[in-house]
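Presented sequentially are two complexes of chain A, the first with chain B as partner and the second with chain C.
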Partner chain A sequence: MDNPLVSFTGVSKRFGQVWAVKSLDLSITRGEFVALMGPSGCGKTTTLRMLAGLEEPTEGTISIGGRVMNGVAAHERDTPMVWQSLALFPFLNVRENVEFGLKMRGVAKEERTSRAKEWLDRLGMSDFGDRGIEQLSGGQKQRVALARSLVTEPEMLLLDEPLSALDAHLVIRMQGVLSSLQRELGITFVYVTHSQSEAFSMADRVVIMGDGEIAQIGPPREIYRRPATRFVAEFVGRNNIFEGEARGNSLHSPLGTLPLPVTAFGPAVMAVAADRVSANRDRPGEGPSVKGRFLSEEFSGTSILCYFEGSDGSTIKAQVDEEALDLLAPSHGEVFWISWSTDAAHLVGS
Partner chain B sequence: MATSSRYAFTWRLPMLIWQAAFFVVPLVFMAAISFWLVKNYRMEPDFILKNWSKMLGRGFFWDAYWITLWRASLAALVISLIAFPASYSLAYKVSESVRRWAVFFLIVPFFTSYLVRAYAWQVILAENGVVNAVLGQVGLGPFTMLNTGFGAMIGYLTLTLPLVIVLQTFSLSGVDRNQIEAAWNLGCSPLRTIVQVIVPSARVGLIIGAVFCFILTFGDFVSPFYLGGSKPPTLSILIIDTTKSGQQWPRAAVVALIMIATLFCTAFAAVSAAYRKRTR
Partner chain C sequence: MRDATLKYLLVLPAVLVVLATAIWPLIESLRLSFTVGRLNRPGSLDQYLGFENFAWAFLYEPAFWNSVTVTAIYTVLTVALTTILALGLALLLAPGGRFRSGVQALLILPFAMSPALIGVSFRFMFNPEFGLFDAFFGVMIPPLADVSWLADPVLAFAVCVMADVWGWIPFLTLVLIGGLASIPQDTIEAAQVDGASGWRVFRDVTLPQLAPVLGVVVILKSIFSLKTFDQIFMLTNGGPGTATQTLSHYIYFNGMKYGQIGYAASVAWLMVIPMIFLTYAYARFVFRRP
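Up next, the complex of A and B:
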C-alpha cells in the first residue's frame, strides 16, 4: 500500500445543498479488484465519476499513479469506464465502437483494426465486428463495452453497475468473464454495485458506503463476518441484529440476556450471521438461544432463509438447507428455539 | 384481426379525409389546370401541352428555379449552422427551467405575422435605416442590404431560425448523456465529441430541422419580395407574375407543380437519409 495507484484524500463532493461524498479517504493498489458498494444515493457512483474526471471534487485531492488529477479533464485521463447503460454508440458498428478510443488517440488505421479484432476475439465476439449495436443481445453488448474500454490497455478499468441490466443467468457468466479478465490482465478494477453477490464474489476488497461516507473497508469475508457498524450489518443482510445494554460479558436485550463475545458496557448492538444460527423445535440448541415464532421461508439459490419473529417483534433470520427445512417442517406461528454459538456473535459499533 | 384493423382504420379516417380534401383533390385539380387553355383571359378545359413547353422551355423559368433552389439550400445550411450553437447551449448548458423559457420565447415570434416582421426589417436594413445609421457613426457604409440576396436571407432567418433552434434543441436533448460522457471517457475532447457523437446521434432531428427550413424558404414569397427585391424572381414571385400577366393560371400551375415535385423529392431524400440504418 505504500505506492497506491489511486488515492482519495479528504475528497468531498457537493451537489447544490447536498453533500454526495463527505471527506473520503481511500487508497487502491495496482492490480486490485475493489468494489464500492452501498444503497442508492450513498455516493459510490459519484466517487467513481470523480475518478473518471466526470465530476470535479468540491474538496480534497484525487491522485492516480502519484499525479494529482484535480482539474484534469475526463478526456485527458486514462480511466475507461463501463456504463450501466453501456453507452455504446448506436451509429457505429461493433468494430468502430471498439476502435473509438484508439482513433481518439490517433492510432493508425491498420493497428486500430488489428487491436480491435484482437479484443473482439478475446471476448468471443470475432464474428460480430460488422454488426450494428442494435442487433446484439444484452450479453454481447456487454462484451463490446468491455472490449471498447480495454482496447487502449489502461492501467485501471472503472465499472458502474455493469451487470445490473442483465438477466440473472448472464450475470453469473459475466462475473466469471470479469474475474478472469481482471486476473489475466492484472489491472485495477474499480467496480460500483449495489449487489452484494457481485461485490463479494469478485472483489479483493469491498468498500461499503453509506450517506457519502465509507462505513467499512475490507475483504468480503471480513465484512461479512465482522461488520463494523450496524449500518454495514444491516446492509450486508442475513445478519441478525440484537440491540440492548452491555453489562460486562452479557447483553441485556428485550429478547433476554445474551452472552457477548467480548466485554463491553453501555448501549450495544450485536450481530449474528443467519448462516450461523440454527432453529430447533423442542429444546434450545447449544449456546445462546432466543424464542421466535415462524413467519415464512425464502428460497434463494441453494439455501433457504427462514424468518422468525422474536418476542419483541424483531425479525430473526436463520439460513438452513433444504434437508434441514424438511426435518424442521415449520408451520406458520409455531415457536422455535433459535440458537448460535457465542463465537458466532459479533459486537458492532452502533 | 379484422376488427382491430377496422378499428385502426376508423381512427385514421379523419386524417385520410383531411389529406384527400385539402391536399390530394386540389393537387389533382391543379395538375388538370396545367393542361387547360387560356383564351381571352379566360380558362377553358382542354388538354394541351403548351403551358408545360412554354414554361420549361424558357430561360427565365430555369433562372428562377435555380436561384430558388440555391437560396433554399443555402438557407437550410446556414440557418442550421447558426442555430446549432444556440441549440447546443440550450440542450446542454442551461437548467431545465431556462430551457423551458427559451423554448417559449422561441415560439413568441410566431405570434405576430411574418409579413409584419419582414416589414420591420425594411426599416432596419434600408439605405438610411438603423444598421447603416449605427455603422455610419463609426465611418462605415452605407451598405445596400435591402433588395439583395442578403436581405432575403435575413427574412428567411426571421421565418425559420426559431423553429430550427427548437427542433435542434429537442433532438440534442434526446442524445444519451452517457454516450457523450463515454466519448470523453475514451479520450475524445468535448469539441470533437460534437462531431463524433452528438451530431451523428441527433442526425434525424438536425436533418428534419434543415428540411423544414428548406421547405419554408423554398416556397416563401414574403422575404424574396419585400427584402430580396424580387430580382431575380424566385419561383413564388414567378407564380404571382404569371397569374397577373394575362390570367395565366395554367402556367402558374406548372410552376407550382414543379415546386411541389422538388419539395417532395427533397423531403423524401432527406428523411430517408436521416433514418438510414447503418447496418452492413
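Up next, the complex of A and C:
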C-alpha cells in the first residue's frame, strides 16, 4: 500500500498478564472507511484507543502520516473520537460542546462560534445550539457528538461502537449520515463495531479480529463469501461448517462424503453460506447434499432461516424466502435433503 | 390498640429525648439571651433586658469583635487550605491517579483522632523546649529558631490553622475522591482526544463536574470551622491574650468562666445567623433536583 495514513507495525498491548492485542500489522489509506469487527474482548477497542493515544502500545510502533506516534499524548494528536457513550459534556450546552475542540486549540471566539454553527447546520441541529445535552434525544446527541469530533476538520475520525445505543431505525438512518459524511469529507474513518450489518454496509474494508489478532482483512463481500478461517466463518454468521478429512476432491465428514471445490488433504473445514443452501423433500440429482431433520424457523424480515439437525447432531442452516417456505411447509422432525452447488462451498483454515 | 395510636406511642420516647436534650435547651438559651443571666446573681436568670445583651456585644465589646475577626480569618484560611490540599491529594489518590494503593488507608488516621487530642499533640509538638515541630521549623526557617510559637499571636494562630488543616484533610480528600470517581472517564478522554492538555482537562472538564461535590465540601468545612472549639481550647485556650479566641471559645469563656450565661447565650444566638445561611446553602446543594 503506497503512503498509508496509518500503520500499525508489530503492535502488541498487554494489560497485566493478558495480551489484549498481539503483534498487529495493519495499514489504512487516506480516505478509507475501515471497520474493526470482532466479538467482545477481541482487542478492537484497544487497537482504536492506541491509535487515539489513550493507550500506549507495549510493543511495536504506530505511525500516522509517516510520524511515529509512540509516546505522543492524545491531546497532541489529531485523532478525535466518537464514543459509544457519546461522552458529551453534560455541563456545557450543545454549541459549547461542539466548540470544545476549537477552544482547546486556541481558536478565537467568533471563528469558533461560526464553525460550530456551520457543523450544527450541516447535521440538522441548528435549532438546538442553546439546548442542554440532557434535553436531546439519542439521535440528536449522536449528531452533536459527530459535530464535536468533526469541527476541527481532522484527517481521521475514530468511532467506537457509536451506534450501539440507538434504536434499530435510528441506526439505519445514522449509517446513512456517517457514510455520506465520510464520502463528502473524504476523511479516514476507523470504525469499531461488533455489528456485522454496520461494518458490512459502510466499510470499504473490514478487519475481523479475534483473541487480539487479525483473523482476516478484506472488503465486506470477500469476507462474507470467502471467510479465511473457521472463526471468521462462524463469527460472520449464517455459515454452515463441515469438518472432516480431505482426501483429494472430497471431504469425509460424519455427515457423509462431500465434494470439495479444491483439492486438499488432511483435516479440513468447509464453509457453505446459508443463503447458498436449499432444502428439498427429494434428494437432488446432482451436487452435494446431506440429510437434516427440521428443527425450527427464524423470521427476520426479508428472509427466513431454517434450522436442521444433521445425523451427527450438528446444526445446519438454510436461508429461504417466504414463498419457498410456504411450498416446503416443514413440520418439526421431518427429514429434508439440504443441498448446494460445489462452487458455493469454501475451504477455510481451521 | 389501633395502629395509628401505636405508631405515635412507639416514637414517643425518641421525641421526649430530643425535646429534653435539644429543643428545650435551645428554647431556654434563647430565653436566657434576653435576661441579665448571671450565675452568681440570684434571680437574674428571670430578669429580662430585651435586646440589651445583643446591643452590648455589638457596641461595647471589642473582645466580641476580636473573636468575630479571629473566627472569620480562621474559617477562610482553614476552608481554603484544607480544600485545596485535599483536592490535590484526591487527584493523586483517585482511580487513575498516581499514588493509589495502600495510601488511602493511611489517610484516614488523622481523621480518626479527636480534635481535642489533635490540640494536645500539636501543643506538645510546638513546645519550645522539646517540641518536634518547633525544632523542625527552627532548622528549616532560621529566623524561627528561638521563637516560642504558642506565645506569639500570629504564630499561635498559624499553629491552630495547621492543626485544623491536618486533621480535616483526610475526610475532605475521601469525599473528593468519591466525587472524582463519579466523573465519567469518557468525558475526560473525550477532552484529551479533542486536544485538551492535562491542565485544560482539569480546568474545563474535571472541575465543572466536581463543582457540586466541591460546593458541599466547602460549605460543610465552613460550618465545622465556624464552630471550632475543642481543638483551640486544648491547643491555645484562645491565647496568647485573645489572639486565637474564636466565637465559640468566647461564648464558653463568658458563660462558663465568668458566669455571664445571658450574655453568652445572646452571642451564641448571633452565631446562629451565619450557620443558618450555610445550612441553607448546604441543603440547596444536597437536595437540589438533578
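The definition used in the following text is that the second predicted complex is superposed on the first by the 348 of 350 C-alpha atoms of A that agree within 3 Å, B and C clash if a C-alpha of one lies under 4 Å from a C-alpha of the other, contacts with A are read in each partner's own complex, and residues count from 1 in each chain.
Methods note: contacts are C-beta pairs under 8 Å (C-beta built on N, C-alpha and C of every residue); 3 or more make two chains touch, one makes a residue touch a chain.
As the structure is a computational prediction, the values presented were derived from the model and not from experiment.
Asker: For the combined arrangement obtained by superposing on chain A, do chain B and chain C clash, or do they fit?
Answerer: Because the two structures are overlaid on the shared chain, the partners are seen to clash.
Asker: Which partner chains sit in contact with A:105 here, chain B, chain C, both or neither? Use first/second/both/neither.
Answerer: After superposing on A, A:105 lies in contact with both chain B and chain C.
Asker: What is the contact status of A:68 with respect to chain B (first) and chain C (second): first, second, both, or neither?
Answerer: Once the two structures are laid over each other on A, A:68 reaches no partner at all.
Asker: Does chain B (first) or chain C (second) touch A:52, or do both, or does neither?
Answerer: Both chain B and chain C are touched by A:52.
Asker: Would you sort A:262 into first (chain B), second (chain C), both or neither based on which partner it touches?
Answerer: neither
Asker: In the superposed arrangement, which partner chain does A:87 touch: chain B (first), chain C (second), both, or neither?
Answerer: Once the two structures are laid over each other on A, A:87 reaches both partners.
Asker: Would you please give the residues of chain A that touch chain B in one complex and also touch chain C in the other complex?
Answerer: 52-54, 73-75, 78-81, 83, 85, 87-92, 100-101, 104-105, 148-149, 152.
Asker: Hey, which residues of chain A end up touching chain B in the complex?
Answerer: Of all residues in chain A, those touching chain B are 52-54, 73-76, 78-81, 83, 85, 87-93, 100-101, 104-105, 130-132, 135, 148-149, 152.
Asker: Touching chain C in the complex: which residues of chain A?
Answerer: Residues 52-54, 73-75, 77-81, 83, 85, 87-92, 100-101, 103-105, 148-149, 152, 158.
Asker: Inside the complex, what are the residues of chain B that reach chain A?
Answerer: Of all residues in chain B, those touching chain A are 176, 178-179, 181-190, 192, 196-197, 200-201, 203, 277-280.
Asker: Help me check something: in the complex, which residues belonging to chain C touch chain A?
Answerer: Touching chain A: residues 184, 186-187, 189-197, 200-201, 204-205, 208-209, 211 of chain C.
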